[in-house]
Amino acid sequence: MTVPHTIRQDQTEGSHKGLSVAGLCKSFGPIRVLTDASFDIRPGEVVALLGENGAGKSTVSNIIAGAFRPDSGTISWQGETYAPASPAAAIEAGIGMIHQELKLLPDLSVAENVYVGRMLTRNGIVDRAAMNQNASVQLRRLGLDVSPDQKVRTLRVAAQQQVEIAKALTLNARLLIFDEPTAALGSAETALLFEQIRKLKAEGMSFLYISHRLEEIAGIADRIVVMRDGRVVARHQTADIPIRRIVEDMVGRSVDRMFPPLHPPAERTVLDVRDLTSQDDSFQDVSFSVRAGEILGIAGLIGAGRTELVRAITGADAVSAGTVSVDGEVVRLDGPAAAIRAGMVLVPEDRKLQGVILDQTIGENLALGNQDHVASSGWIWPGAIKDFAEKSIARLGIKGRHDQPAGKLSGGNQQKVVIAKWIARPPKVFILDEPTRGIDVGARAAIYEVIADLARSGMAVIVVSSDLEEVLGLSHRVMVISRGRQRGILDRAEANGVAVMELATS
Amino acid sequence: KDAKKIGLAVANLQANFFNQIKQSVEAYSKEKGIEVVTVDAKGDSATQVSQVEDLLTQGIDALIYIPAGATAASVPTKAAKAAGIPVINVDRNADGAPGDTFIATDSVASAKAVCDHIAKQAGGKGDMLIIHGQKGTTPEVDRSKGCGEALAAYPDIKIVGEQWSQMWSQDEGFKLTQDLLQANPSVSIIFAQADGLALGAAQAVKVANTGSKVWIAGFDGDTAALEALQKGVFDVTATQQTQGMGRMAVDAAIALVSGGTVPAEQLQDATLTTKDNVEGFIANHP
Amino acid sequence: MSSHMSEAKPATATSVGDMRRSAAAFLFAGSRGPLIGLVLLCLVLSVSTDTFLTVRNILNVMDQITVIGIMAIGMTLVILIGGIDLSVGSILAIAMMVMGYVGHPDYMNLSLPVGILAGLAVAALCGLGSGLMITAMGLPPFIATLAMMSVARGLANIITDGSQIVGFPDWFTSLSIVRHFGFVSLTVALMILLTVATGIFLKYRATGRNLYAIGGSPEVARLSGIPVRRLTNWVYAVCGLLAGLAGVVLAARLDSVQPSSGLGYELDTIAAVVIGGASLSGGVGSIGGTAVGVLIIGVLRNGLNLLGVSPFIQQIIIGVVIALAVATDAWKRRAK
Amino acid sequence: MSSHMSEAKPATATSVGDMRRSAAAFLFAGSRGPLIGLVLLCLVLSVSTDTFLTVRNILNVMDQITVIGIMAIGMTLVILIGGIDLSVGSILAIAMMVMGYVGHPDYMNLSLPVGILAGLAVAALCGLGSGLMITAMGLPPFIATLAMMSVARGLANIITDGSQIVGFPDWFTSLSIVRHFGFVSLTVALMILLTVATGIFLKYRATGRNLYAIGGSPEVARLSGIPVRRLTNWVYAVCGLLAGLAGVVLAARLDSVQPSSGLGYELDTIAAVVIGGASLSGGVGSIGGTAVGVLIIGVLRNGLNLLGVSPFIQQIIIGVVIALAVATDAWKRRAK
């Protein structure tokens, strides 16, 4: 199981003016999270930090950015020992970080979020004009054109991610840590972000770049560091490494084909959506159906209205017209409860706000949608929750204990909890909105396997994804949405990147 | 000039005594064709200052004023005087700024009678509690004084605990007595300076289940309390002439508005009331 | 896949000790600090007075906490779902007055049991009213129950024009006085029963667990198919009902009803629940904790009275003890 | 790319109207509903009474709201950072008593100005004490300030063993009575000044903006380098100081001080802030909103007195109006 790895020694270790991390260790209570994290980042360099969910990437980053204190190990920065006592100290030293989970203030304006903690002032007075101006410029460079006065609460996830990026880019830092900055972004936004990174890199700025989108790594990173189980297991001097190799480093074994084979769906229509129009006009007149055993992909650019559509189908948002039926029966769209009773479940896009209750244990989160499994005539025994949770944890390979708060899990593992919550029912219609956002390759393959399994067992499955490869590889048919309108449904045979993008930008 | 509109500023309608006065003032004014505007300070003097300002704004012809607490007592009177409005103080008065007339029970004398009665009943000895009214108000000060005068004649009665209430209410009386009884289970006499407090004290004694007789005195002659007295829930009270004081206050207002004079102080008697003479008061409250 | 399977191993060890610990943890979730505080308090009082640790005094304390104890049960539910109820004191009063008005010979005289039922019904309706203001009108719980607090107090006053009603049948007052089986009055028994039942409900009933989910995140709960609004209305109605019940108990104890009863009780009740480890942002708390909170306040007052501490100094000590009781918990959590 | 650029357009259009709107929106953030409520209330009262819309009455209302108005400024800061302060009523009392004890001829007689300074200092220390209990001991604000509420009240009582102190120099009482420039008393001027200054501070000073950040998410604020603990201590100290100042104003108005003053004021003050649109979970609110909240309560009480509405019915109306004033806002938000 554990493939021994020879770690290539970095010849220039410690001899430069960048960042050098040596032997970091960190435990949370009894759980050892970092055993030995060591790597370097030289000035003007982009180092990709890769690894499975829970490998410890965010933990290392948080230590460097002053949010956590290590148990042992040393860091040197610009030739001096560096041990930040707080995020403020790290920022002071020129090191900033974008956190994996969005860290924004929903009730402050875009510009204020960009400048929080270091507002621009003139004669002691907050200089709103300058902040708005600068924020706008930075955001436009990233491809976001919103009013800097707007409250962040009103922005989509992608736009919020861009605000977060703008916040980091205006820090005037010498080292920036990006923890999955592109998880919520589309390819166009990603390209613009890379443009910014390259520009700043040319000015001598360094980056630690964390991502589960391995395809994009070659395009941006200079070197790759791979972590597994809290230690660095590989350092590659170039980013031009076959993804296959990286994946092997990450999971400690070879990973076969990504996408499972698809079985032909049955004839029977399970889900039928007719002329559905949302109340706030984010989509209009959408009609389609999904058969038993079929996986329907929904593709589109960010903000196309996909999320709104699947939320409406599952009763989370109100519609102004149209019907949804399951097995020929029209579903009352007056709340998620009715949709769930009718057999439709949704794995929502925003796991932190809509997917898991962060303060409750994994077991409690899993029990939430599954009272039929853990309760008998309304009585729940804690043992039943534990047994049920342990089964789900094993099934999806969640790294965590049933009695651990979900908020303490790595991002990817939280997502697995949400998926696991719904698998057990089992539902008739399974809808996943960005199911692998922030999920590592190994787990991703496992999730694809689960999705294909669900279809094989006769469910109708819908997968909304901004990851084009994912929609194409996973779906029997792909529906493309653009600006709230359904632009076409492509069969697997005709669905390719070009065809989808053409419809998506129409 | 005729009085058309009277303002009535009440300290705290939750005390039955004030509520009786209020009802009497309202009923009697109606008879006389006078409009009454009532405000309730709920025991807070700051609230009462605001309320009197509002009454003055409304153009009342006279103010019947029952001060809430001791501290604000002079401010409303000064404000009314400044606006040329006569002030009739009921039950409580301020040293610095007395009203044009002060209508109240002679609390010193009545409390003396009540305490004397209960001390005798108890055999002239024993541990005693005093549940005071709101600290610093006229009736609290006077009743403490009157009772003290009576007790001077009973050297074998020992005051083992006293506490002050804020609202003169029954649940306060219950709580305070309960607390005092915990530390002093040997108590055999209680003087509560109002009937609400006395009823609370009686219930606390009942709940405490001490087994021995505790003599309890109240003050006021509250409607509900008189019935309780009849049933033997507690032992003695002093019935104040609430109906009479309400009517006197209105009459004084009429007289003052029309330019007449009234005496600066009109102290009424309160009748010592026990099981023996309570019936008459229940039928017809003075 | 297999690789993370093996990862999970260290996590699932020590399960037996864990389970035992987690049962206790559940019952007193977040209230170990206060529990220790309570035990210490009792120890100190047992040593420093010869009356504290007598059967009679302990029964007294139980009698004294009944009213707040019953209200705190409903408040626990409300706080668990992330709400707050400022109206409990006023609802207590309106239930008392309705009971007295309907049941007392001097007024409607429809017999006391009918009066009690009427009082409880009105109390539950008031609670439901708060719930509807929150779920249907979208008011914050603080505002909705503040409004209800004012309205219910006004109505309680209007019923008898502010007068109290005194004197109920003996069977009624004896509910809170006569000690059955030699020690427990019916009202105390009622409080204990309700506490245990609610504890079981919260721990073992699916609906009880759902309340924690609502408090943890109303949105996640809604998306998981939990009828958040319906349960919210229901929780406020139950909280109102229990406040009404507390009113009936208080009436039995005082042998009278009075529209000013329960003034300021909301703060006492909320304090008991929060001292017991519940979080005002919802999702965290337990009935066991609330019981500890109620007992801390009750024992403290009783003990200070037994010690003959003057009321003013009592206030200071009570403040300090509350802070310390909760602080031990906060320190422990931080140490972890 | 082009596709979402065009999506976002509606957001950046109409920028001039936007800006004007946003200035107003800022000042009364979240309080448009209550503002409308206030305006309606004033209209109704102007029509139904001939006294409401007189200079004299409006000045009366201003005098009447000064105490709560000053306390509400501090409470706004506390609530903005996601806290709550239950101790303001007690701090008001302790400041009054210290002032009276130090400054009154019957006691220490160190002159009234010295007394005032001593009272304010004690008030600020009490607030700081709450802050430290929260930041250093890790107590929830509800518990910390509940403890302080009890301790400060006890101390206020001990100073004179529960007695009031009556009678201060004329210059002092005239602060709240003499109307300068023909209309405004010094205490009202003080309240207005403090309100405006705090409004400017919250809007234009970086520290003011940081308070919003702390309330929005203390964790995000910390990660952004804001000294969360220090600011928290400071906010509670200021809230205490302002409660003390309110006590001084109240003493001038009553020409006396009393340890039971300010009982229950915490709820009035919190209510004013929340009616003004602040959220008890922090990060949302404004001084303009708070002013509206304070005025709604003040105008309502004044108006009902002018209309001669009976006290019990007043309670009912106040409850209903509070609910409606906030509901209009909730409806609007929902409609969007």
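Going in written order, the chains are labelled A, B, C and D, and every chain counts its residues from 1.
Here is the rule we use: contacts are C-beta pairs under 8 Å (C-beta built on N, C-alpha and C of every residue); 3 or more make two chains touch, one makes a residue touch a chain.
The chain lineup, named per UniProt: A = Ribose transport system ATP-binding protein; C, D = Ribose transport system permease protein.
Here the structure is a predicted model, which means the values were calculated and not measured.
Engineer: Whole-Å distance, subunit A centre to subunit C centre, using C-alpha means?
Structural biologist: 42
Engineer: Whole-Å distance, subunit A centre to subunit B centre, using C-alpha means?
Structural biologist: The separation of the two C-alpha centroids amounts to 72 Å.
Engineer: Take the average of all CA coordinates in subunit B, do the same for subunit C, and state the distance between these two points in whole angstrom.
Structural biologist: 35
Engineer: Could you say which residues in subunit C touch two or more other chains, in rising order?
Structural biologist: 157, 161-162, 311, in rising order.
Engineer: Quick check: what residues of subunit B touch more than one other chain, meaning two or more?
Structural biologist: 13
Engineer: Taking touching chains as linked, do they make an open path (line), a single closed cycle (ring), a hub with spokes (star), an all-linked set (complete), or other?
Structural biologist: Contact pattern: none of line, ring, star or complete.
Engineer: Check the chains against each other and report every pair that touches.
Structural biologist: All touching pairs, sorted by chain label, are A-C, A-D, B-C, B-D, C-D.
Engineer: Mind pulling up the subunit A residues that touch subunit C in the complex?
Structural biologist: So the residues of subunit A touching subunit C come out as 1, 29, 31, 52, 54, 229, 251-253, 316, 335-337, 339-341, 346, 348, 353-360, 364, 367-369, 371, 374-375, 378-383, 386, 390, 393-394, 397-401, 403-404, 421, 442-443, 445-446.
Engineer: Quick check on the complex: what are the subunit C residues that touch subunit A?
Structural biologist: 1-8, 10-12, 18-19, 22-23, 26, 203-207, 209, 212-213, 216-217, 219-227, 283-284, 336
Engineer: Please give the residue numbers of subunit D that touch subunit C in the complex, ascending.
Structural biologist: Its residues touching subunit C are 86, 133, 137-140, 142-144, 146-151, 153-155, 157-158, 161-162, 264, 267, 270-271, 274-275, 279-281, 311-316, 318-320, 322-323, 326-327, 330-331, 333-334.
Engineer: Could you pull out which subunit D residues touch subunit B in their complex?
Structural biologist: Those in contact with subunit B are residues 49, 51, 54, 56-57, 60, 63-64, 67, 162-164, 166-167, 250, 253-258, 260-261, 263-264, 301-302, 305-306, 308, 310-312.
Engineer: For the complex, which residues does subunit A have touching subunit D?
Structural biologist: Residue positions touching the partner: 65, 67, 86-88, 91-92, 97, 99, 103-108, 112, 116-119, 121, 124-126, 143-147, 149-150, 188, 192, 301-304, 482-483, 504-505.
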